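Heads up, there are several structures right after this.
You will see two complexes here that share chain A, one where it goes with chain B and one where it goes with chain C.
Entry: the complex of A and B
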């Protein structure tokens, strides 16, 4: 039991260290996100649309695109340099490997992106009372997106990540609609507790189930 | 010597092309095994079947007891953007620092600890990948063409270490294109 705990902790530490050292992998998406958020208002007529309205209109797709680009090659290098093979031999399955990758992605990519999104929400003069709701929505939304994109990446590991994105997009659309509705309710000042509960439930299920499916998909590729 | 594995009539085929045909072998502790064969003979495939990464198309492997194993394959699971030292901290498990320093000195890698992995030559990268056989403790080591890319002096160091592992009661299985001058059981594929 202690051996397993030590092994999982080492895996988490190693993943965190690798990502921390690969600066472009986490800083790049944050810069890209900021650039889109800055550039978007410049491309439209701001006289007819308020900044807060604009923010709520573009944020979901911007986060989705940023998530896609930030985990575009999440398994690619590990697959081709034999790291995934070594994890499989060590643990006899890839669940721990995928779960650790997910945990580090949440800590080092999702949380900073949520924080920057909130900073932009404040800068775009979004009603301050919306911020706690937005924060929770962004975290859940990204956890769902990232899980699906992990799965897409695993499916298409030897065919390029675009194919993976095409395959998982139909599953992502319902989540985009759900979060779009949540933002509409926020604008209308309708409480969204039920959406928060549902989104949290979906993200927990996605973390457990999709991690498992992603691990199996990667193992099948090794065979 | 204790029995670790019984490989019974293993066959493996991809798209109706037979890679392995009815391979049978008993793997015991305290022994060294060499799989010899040309390109595409199925040496790596057999190692991966033993490692349970790939299931055989036919036949089975009977495991007498559980044991820890280390596989060092063609691929080098070390990252180009990290230094050799940083890579080893991630790559190695349960190792003693003193043993690691001795090994790095033995393999002429001690001065390269702070060098980015991408700046090392292929031979140096291969040597780094082989460090676990010197510092990690496992019952079985499976090495896929461990001598490729190494100069003669370092091939001798690796061979010496493999002999010493067998002397310590471990099992070493390795693949090669040409017979290595080592006292071991040979399986021609």
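Entry: the complex of A and C
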């Protein structure tokens, strides 16, 4: 038990160190997100559409694209330099490896992106009472997206992340529809507690099950 | 006995012989049922009070929609068999079914679009059922793309099986989309738990069409799987004897 804990902590530290060194992979998407959010109101005649409405219309797709860019080839380097193989030899399954990578992605990519989204929500003059709901929605949404994108990257590890994206997009679309509905309800000031519960449940299940499936898929590539 | 059954089923050679034996019967049954169902439905069923004669596209649209989803469930079943028991034939059948599912989904979307023009005034609407059926179409396309992008067939078979199983989460959403969301698409006319909401004179030819499409898709499955087996097993000695 103690060995497992030590191993997990070490894995998390390694992932955090790697990601910290690869500034491009976590800072780049955040900068791109900011650029898109700044550019959108500049490209539209703001006399005809409110800023808050615009924010709610574009945020889901912008976050999805940003997540895709930040997870681009997430396993590629580890696959080719033998890190995944080493993890498999050490642990006989890759669940811990994928789970640690997911945890670091949540801490270093999802949470900063959520914070920046909230900052832009305020800048876009979204109703302040929506902010807690938006924060929770964005976190759940990104956890689901990131899990699916991890799986997509695992499937197409040596064929490019675009193939993985194409494969998992049909499965991501229902999540996009769900969160779109949530934002519509928010706009109409309808309470969305049930959607929060459902989204939280789905993201927990996604974290557990999809991590397992991603680990199996990575193992398949090594066999 | 189960093990013998699985071993027998798992043999591509035995399966090919069965395909050859049953293909003509299944295909003929499909054609006969289709002729009966469509002639009855198109020429002898009464005209609908609201939609007129336009509703008769139901005899193409409903069977293809039903099978678009059913084929995916069947693929998921074979994917389980392939992943658990490593039955090679199951992988071949998944690939064959993917092409048929793609065709069925395309026909469902196409016939739905044609039906939509006179009834809804539009050939496309981003409503729940239509969008989720489009998602299903993209899933089939993705599966075929995935399988064709790897040179190592064993790996691509297993990856495809994994993706099929993960994709099954979409099927209840597609099925229930007309109930969960207020959509332009009408609710299901035929359900397992309630009596059909359409008249019996329209319902019977519809059921005959559904059975016909079932037979036709099975015969197409025989053909597709035969092609896949002959391609994948071409280096085996029994293929020379078979051909």
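Rule of thumb we're sticking to: the second predicted complex is superposed on the first by the 223 of 223 C-alpha atoms of A that agree within 3 Å, B and C clash if a C-alpha of one lies under 4 Å from a C-alpha of the other, contacts with A are read in each partner's own complex, and residues count from 1 in each chain.
Convention: a contact is a pair of C-beta atoms (placed from the backbone, for glycine too) under 8 Å apart; a residue touches a chain by one contact, two chains touch by 3 or more.
Owing to the predicted nature of the structure, the values given are computational and were not obtained by experimental measurement.
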Partner chain in contact with A:151 - chain B first, chain C second, else both or neither: second
Which superposed partner A:213 touches (first chain B, second chain C, both, neither): second
Partner chain in contact with A:170 - chain B first, chain C second, else both or neither: second
Which superposed partner A:21 touches (first chain B, second chain C, both, neither): first
Footprint overlap on chain A, comparing chain B with chain C: 223
Of chain A, residues touching chain B in the complex: 10, 14, 17-18, 21-22, 77-78, 80-83, 85-86, 88-90, 92, 222-223
In the complex with chain C, residue positions of chain A that touch it: 151, 155-156, 159, 163, 166-167, 169-171, 173-174, 177, 181, 210, 213, 216-217, 220-221, 223
Residues on chain C engaged by chain A in the complex (per definition of touch): 128, 131-132, 135-136, 138-139, 142-143, 145-146, 149-150, 155, 158-159, 162-163, 166-167, 169-170, 173, 181
Residue ranges of chain B in contact with chain A within the complex: 51-55, 69-71, 73-79, 81-82, 86, 89-90, 93
